[in-house]
Amino acid sequence: MDSGPLRRLLEEVRQGALSIDDALSSLRGLPYEDLGFAKVDHHRELRNGFPEVIYCPGKTPEETAAIAQAILARGSDLFGTRAEPDVFEAVQKAAPSAEYNARAKTFRLIQNPVEPQEGVLIVSAGTADLQVAEEAYETASAMGQRAERLYDVGVAGLHRLLDNAPALHSARVIVVAAGMEGALPSVVGGLVSVPVIAVPTSAGYGANLGGVAALLAMLNSCASGVTVVNIDNGFGAGYAAALMNRLSAKGGGGE
Amino acid sequence: MDSGPLRRLLEEVRQGALSIDDALSSLRGLPYEDLGFAKVDHHRELRNGFPEVIYCPGKTPEETAAIAQAILARGSDLFGTRAEPDVFEAVQKAAPSAEYNARAKTFRLIQNPVEPQEGVLIVSAGTADLQVAEEAYETASAMGQRAERLYDVGVAGLHRLLDNAPALHSARVIVVAAGMEGALPSVVGGLVSVPVIAVPTSAGYGANLGGVAALLAMLNSCASGVTVVNIDNGFGAGYAAALMNRLSAKGGGGE
Amino acid sequence: MDSGPLRRLLEEVRQGALSIDDALSSLRGLPYEDLGFAKVDHHRELRNGFPEVIYCPGKTPEETAAIAQAILARGSDLFGTRAEPDVFEAVQKAAPSAEYNARAKTFRLIQNPVEPQEGVLIVSAGTADLQVAEEAYETASAMGQRAERLYDVGVAGLHRLLDNAPALHSARVIVVAAGMEGALPSVVGGLVSVPVIAVPTSAGYGANLGGVAALLAMLNSCASGVTVVNIDNGFGAGYAAALMNRLSAKGGGGE
Amino acid sequence: MDSGPLRRLLEEVRQGALSIDDALSSLRGLPYEDLGFAKVDHHRELRNGFPEVIYCPGKTPEETAAIAQAILARGSDLFGTRAEPDVFEAVQKAAPSAEYNARAKTFRLIQNPVEPQEGVLIVSAGTADLQVAEEAYETASAMGQRAERLYDVGVAGLHRLLDNAPALHSARVIVVAAGMEGALPSVVGGLVSVPVIAVPTSAGYGANLGGVAALLAMLNSCASGVTVVNIDNGFGAGYAAALMNRLSAKGGGGE
Amino acid sequence: MDSGPLRRLLEEVRQGALSIDDALSSLRGLPYEDLGFAKVDHHRELRNGFPEVIYCPGKTPEETAAIAQAILARGSDLFGTRAEPDVFEAVQKAAPSAEYNARAKTFRLIQNPVEPQEGVLIVSAGTADLQVAEEAYETASAMGQRAERLYDVGVAGLHRLLDNAPALHSARVIVVAAGMEGALPSVVGGLVSVPVIAVPTSAGYGANLGGVAALLAMLNSCASGVTVVNIDNGFGAGYAAALMNRLSAKGGGGE
Amino acid sequence: MDSGPLRRLLEEVRQGALSIDDALSSLRGLPYEDLGFAKVDHHRELRNGFPEVIYCPGKTPEETAAIAQAILARGSDLFGTRAEPDVFEAVQKAAPSAEYNARAKTFRLIQNPVEPQEGVLIVSAGTADLQVAEEAYETASAMGQRAERLYDVGVAGLHRLLDNAPALHSARVIVVAAGMEGALPSVVGGLVSVPVIAVPTSAGYGANLGGVAALLAMLNSCASGVTVVNIDNGFGAGYAAALMNRLSAKGGGGE
Amino acid sequence: MDSGPLRRLLEEVRQGALSIDDALSSLRGLPYEDLGFAKVDHHRELRNGFPEVIYCPGKTPEETAAIAQAILARGSDLFGTRAEPDVFEAVQKAAPSAEYNARAKTFRLIQNPVEPQEGVLIVSAGTADLQVAEEAYETASAMGQRAERLYDVGVAGLHRLLDNAPALHSARVIVVAAGMEGALPSVVGGLVSVPVIAVPTSAGYGANLGGVAALLAMLNSCASGVTVVNIDNGFGAGYAAALMNRLSAKGGGGE
Amino acid sequence: MDSGPLRRLLEEVRQGALSIDDALSSLRGLPYEDLGFAKVDHHRELRNGFPEVIYCPGKTPEETAAIAQAILARGSDLFGTRAEPDVFEAVQKAAPSAEYNARAKTFRLIQNPVEPQEGVLIVSAGTADLQVAEEAYETASAMGQRAERLYDVGVAGLHRLLDNAPALHSARVIVVAAGMEGALPSVVGGLVSVPVIAVPTSAGYGANLGGVAALLAMLNSCASGVTVVNIDNGFGAGYAAALMNRLSAKGGGGE
């Protein structure tokens, strides 16, 4: 923890170089970050082994590449989401060893690899949910998880899911991506006793209302232990899954 | 078919008692019903073996009882839905042999019994869906069906449903009532090859939006062969199930 | 039914080649499909005379063509929905005798023709509902139905519908596609005594909310016997119609 | 027209009793009403032969009675809507000859009767729409119309409506009240060439969303000449019908 | 009225050439139109002096031109809405004297001019509402109205509206098009005693929800005599205005 | 400002009674409030001359009275909102000189009166909006404003509003409460050049959707300078009006 | 695990008492539960140290008491949610040592206590969110958690939250209940690196839409690691928190 | 104030050149504007030091340039919003010294500069909210404000905001733009005692519903003093901020 500024202030007080009134005034105006608290916050991702994440929409390929370069330059890990191919092309010029998952539309370059942790399972209902499922998979991977995938096991063909009961039962955290009626998290949640993170996808048409139908279904799940993230938010699901699974690897609290 | 008025008119034309111009004028003004077409419509329920239905809300117990008495007086079958106990009490005075299903809130008195037809199965997800499921059951029964029930087999405990695969597989038409996330019709629809009628119920709270969550889920079902009725509309589901199952008992068209 | 794996296991038990404990363990881990139950499910479409269906959106023309080729190679019937012309062009190269319905945006190639069954009627309100109506028609046709069409009979010109009363009265199952106010299924449902499948279409503008106005109207239909599918879901309506009409051709249950 | 204040001001200007600057200042501050324009507005109802209307919700029976008394005291006609029986009881004490329509929940006492005008027809779909239809009827009546009623002619039994074609064809303005799927205005609008005012009612349940389903249907009517008022707004429909029908009795403009 | 078929049937009955039973059977199957009722309906537009209307979206320019040609060939008037410039270009080739209103996106060619009727006023709130207002204007014009326009008089600059009080007060029917908060119909409705037809437009952004905000405001107008049509439905408003104003030109009923 | 704890810490550092490392540690753990920042926040209401506010729903009359007593005991001003009569009865026992506004459902007891500031005007559209308008009035009053009222000046009778132009033009901040179509803030906003705070009320029925119609209208106001608070939130409007008007009484910033 | 039925079947096969074909047939029809798989599911709660939960709404006090008695009779732990006082009164007669949390509306009687696990923190924004927060607290407690509470730390008084940073930083799983704008989970999520479970509450009025406003805010949280449960679903949040925190106490998978 | 026409009329009356009756008639028909009242309204922007604003969408670049030229020609200030680059290109040809803010999509040319007023602070949550924040900034600037900016201080990294407490505390009016969960205005509102204008932005995806999630959150803010404008309405926020801050510079009322 870098408490330099505060220490210097206190030393000046002790040495009489700073009046107490001026010190009081400085302390009140001192940037929050300098109290040590915020610094921790600022460096949180690094300490956690989590890379900095670039959400690409709204940035030009060049801007994205420049940010990526800056992140890598200070030794951090790199992870980008919702990156169209032309964005990755620009990133790749700046970071030739970055890898792209074309389906997930993510890229990553891990400079500080950790021993991946087992236990996260990514489940998807149909092929139309693959981008979201893969985004969750890539996010969890970038966060140090060795995630497993179980795809295309929607509820209309239940045997496909039941055939994979062992995979479900050996998972510690399960992400379930589904569009249309969004029923899969309920079924999975009924089969296991671990946290299930439901991701509604916008797959479908008509009265799916852009994923709202699946979202509502998941929020109303009759299975206990199901929590929900935003529509198409594979990143959020993968991130939360990594946070949860990290609990199984440590005893203490969060920060 | 009662074509008396038309026949009389034609006979008057033949006998010269009515000019062709006057006949033309009469025909144009003739109540639609008297063309035979509407009569068929008017008597449709009777011919179909379907009783006349009283939807009780908005009627006083006395009004309901009076209507019931009139129906029975002309020899028709009687069936009432959404009847609170005090309504049935009044009906019972007028029709002592009428039977009440307190959970379904329906009553019936079948004066013209037919040989009940097998093949309709009523499935419900949870105990909170029972009123709707029972309304469907009673409606199908009143429409000449010997319906089977399979209750409390929601998707969070899948084995309860799978244990009853034989019942599912021997049905010809299946009604599925479910609230909350409304996932059960998709799961059932994936297990069978017969029509599934989904009834969303308002069971649940919060973002179930009074049953809209289940309704949207059912409309977006990934299982083929699922059609949907209005929220809590057990009557509509039971009625449609009877119409569908009647198809298996006859060769010809509708009317 | 292929019960080979199970039979082999049981034979090994009888011969003492497998201990009962090992057999118990195997049974628990045995893929669900191998119990015979799932196999039936897996082959359901084939046994039912129903072709495998390709939902084209989200697939490249080449991917679609490859799937089509695989389906045909194993002797199955082929049916594709929501296929833009360029998709069909690619399919046609792989399957020159496949037929395209440009309005329905479907293609099909039936290798195992069955004797088509009469009784399904497809009704549409306006010309803007034609794609959905034709999708229902093509689906029902691919499922072995000789469907009839009755188009452009919306409620604002009632005589057009009433002129076709005979067609309505000879149908066993009626699909009604309508956009805007979605009133046609109620009117049709009031004229017949057979199941009516209502398909809301997104035709219209302003407060039609992309078809939600018609959907709500159909769910609230005052005519009994009306069930509803998702907005623009002509496939679902045609499929359900085929399932229902099959009931009139057989005595037994579903599977 | 009472232009007294203005005239007096101008006379004072002419007589030199008021400087032009003071006159300018007065004119700017002069109550709008005194320009003659607002007066007309203020007395509009009286001149039109339209009574003053009391919307009763949110007023105590005593407050309502006091307002009624004041209206009658200055010789105006009295008309009240959404009046529960206890409200009318209080009104009746103040105005013994006032009449109550218990179904419409309206009361009226016309002190300045006019020769009623023919041409307004009030149509309703079902018995659940009667309160709204009656409110429209009573409003039109209070506004000097001899309205006709055609009730319980919903689209599920089309012959009931068609049997009454003559009534439809002799009307000059038609109000149509309907709940559930709200289809009746479209059917009526397709049969006639006169303005149709559609009133959605909240009758129904489930996905009728308190009348929104019917409202949307009516707004999306495929029949031309249909305009819509708020849910359950029988008053608004009856008022608009009276305004429209008055057009057939005069040649000139509005005010 | 062409009652030939019916007359022939009756004559055959009188002559004994047709048995009464056969006549009964024919009557039941007789196309509705042949009863005279539908014919009237079929020719309604022609008799009313209203042209046939082509709603252009979803039709190719060529299709539109062909329909236009057919309409003109049988001597009818021509009116088209929502016609993009390329559509009109095609129409113009088939009908060189057709006129295009580029802002309204309508075209017309009146072959059977009538004496235009005065009394319809089209009011719009802002320049963004002009397309809708002009569509209403063109529709009313095509329906035989000599409509007046009062544009850009939104409520945020009230004096612009009040300056035009005479125009408002001399109108018999007023169409008011407004987007954003949709307040103008209420203000206009409070100033006049004639029917006001409110047209919400989709002009605006954010929480205007594509015109739903204006629609809801208009449905909840505190001014009596306001009725509403669908969002952006200038055609519907102009059509209804013509129907209403026709009432002031005749004494009798609709058909 | 009470910076005692910080000052003591600094003095201990200067005197060498506290090591710099311990001081650093203390500072990091020091309750935020003790940095002076939070204290200011804690006492903000008091310093601002704003009383502490009790939102009564969900508290028993006794709980409310106890809180009121505690507030008064420490010399603060008292203000309560949404207080039903029985709540005030309890409060009055604890604070006999508290005053109740039965329409606003607020009570107050100002122990530290300030010189009231002029400039706030509360406008309401109809009598149904009075509770909300009065809540805004009482809130502004409790916050040291001498607010004016201008009630029942809805847009359907524009002259009532225009007659009061001087009141509008002399105001510095205007609160406008309106239900139904919520048009009044737009009209007022178009007449003045000062901030207008729009409060949608739930007054109305049908498609007013509990005030959402008015809310949307106000958010889409075509008049500049209009900002909006939550439905029925008279308190929020009055509070914001006081904050804004205070700006006219001082030169400096907020805290 | 009770594999008796299966074992008996296999033994009969080995002894030749059952033919292989009959065994195959039995296996296919064998209740799913008897395969061992479902039994595990059936007993899941027991093995997990989780009590059986009674959701009280829709059950009479007597029914609830009877269920409670049955649960206790078989030695299970008892936990009930949404229990009004009269329900608990009935339960208490059957189970005198059951404890009631009147704010949470839950009761419990743990017969098989486990060593409680630390790490779950329940945070609430305002006093109106207390019922939901307490339901989460009680649920987590019943599931073997020693949960901490941090209440009334809403975002409008940020220092209250920041003063409690240590509690936030020592938690392993955090439940955050908030109504109104639902901002607290985002703020908490930005301060910690552990899973945050957001529970929207229905606290608020007007455009909070019964909790939908808070729900949407939470789903759109800009803080990573936040997942969401249904409105007012304190039970679901507490249950998920217990599942997550259990991960920190074990190494293996779920079942 | 130009009261020429009125003055001339009064002088003619005094001189007897105009009869009192004719004067009365003229006054009634006199354009509202000529009463002095409307003139003030018409010139309001000019007198207020506010430029005329061009809302560019729906206008061609050429139309926009022509309007700009006209505004400048009469010596007014120019300000345009939502101007795409090609629009500004056209404007620049007509007004070479106009300045463009590419991020805000605004242009301005102030011909009558005023001494800018301090006190407005524009805060934004994330980089995705920048266009809206900049539009507010540019609007306030064009209205004579020297606004400060504080960007990218979203609630997920609270220290960034807290580090800038001095900027917050020295502001007199604060505009806060935020998308996603829209929590920032509540946090800012809790830290200051000045008016906060919340602008929801459409930044986000999925269940943000195009900004409705942020809008609802802001309307339900638990912080007092927060008012809200439409989604993405940076112009409205900047305009209202200028109106509010002007209050601190003057003592009198609005007009």
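Read from first to last, the chains carry the letters A, B, C, D, E, F, G and H; within each, the first residue is number 1.
Methods note: contacts are C-beta pairs under 8 Å (C-beta built on N, C-alpha and C of every residue); 3 or more make two chains touch, one makes a residue touch a chain.
Note that this is a predicted model, so its numbers are computed, not measured.
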item	value
Pair in G-H, B-C or B-E that repeats E-F, with over half of contact pairs matching by residue number	G-H
Most distant chain from chain E, judged by the mean position of its C-alpha atoms	G
E-H or B-C - the one linked by more C-beta pairs in contact	B-C
Chain A and chain B: spacing of chain centres that average the CA atoms, whole Å	50
Centroid spacing, where centroids are CA-atom means, of chain A and chain G in whole angstrom	25
Centroid spacing, where centroids are CA-atom means, of chain A and chain F in whole angstrom	40
Separation of mean Cα positions, chain F and chain C [Å, integer]	60
Touching two or more other chains - residue numbers and ranges from chain E	37, 41, 157-158, 162, 190-191, 206-208, 212, 215, 219-220, 224, 230-231
Parts of chain F lying in touch with chain G, wherever the complex brings them together	29, 31-33, 37-38, 41-42, 58, 200, 202, 210-212, 215, 230-233
Of all residues in chain C, those that touch chain D in their complex	125-126, 154-158, 162, 179-183, 186-187, 189-191, 204, 206-209, 212-214, 216-224
Chain G - residues contacting chain A, complex	37, 41, 44, 48, 53, 119, 165, 168-173, 190-195, 197, 215, 219-220, 224-231, 235-236, 239-240, 243-245, 247-248, 250-255
Touching residues on chain D, where the partner in the complex is chain B	127-128, 157-159, 162-163, 166, 205-208
Residues of chain D defined as touching chain H within the complex	3, 6-7, 10-11, 13-14, 16, 20, 23-24, 27-28, 35-37
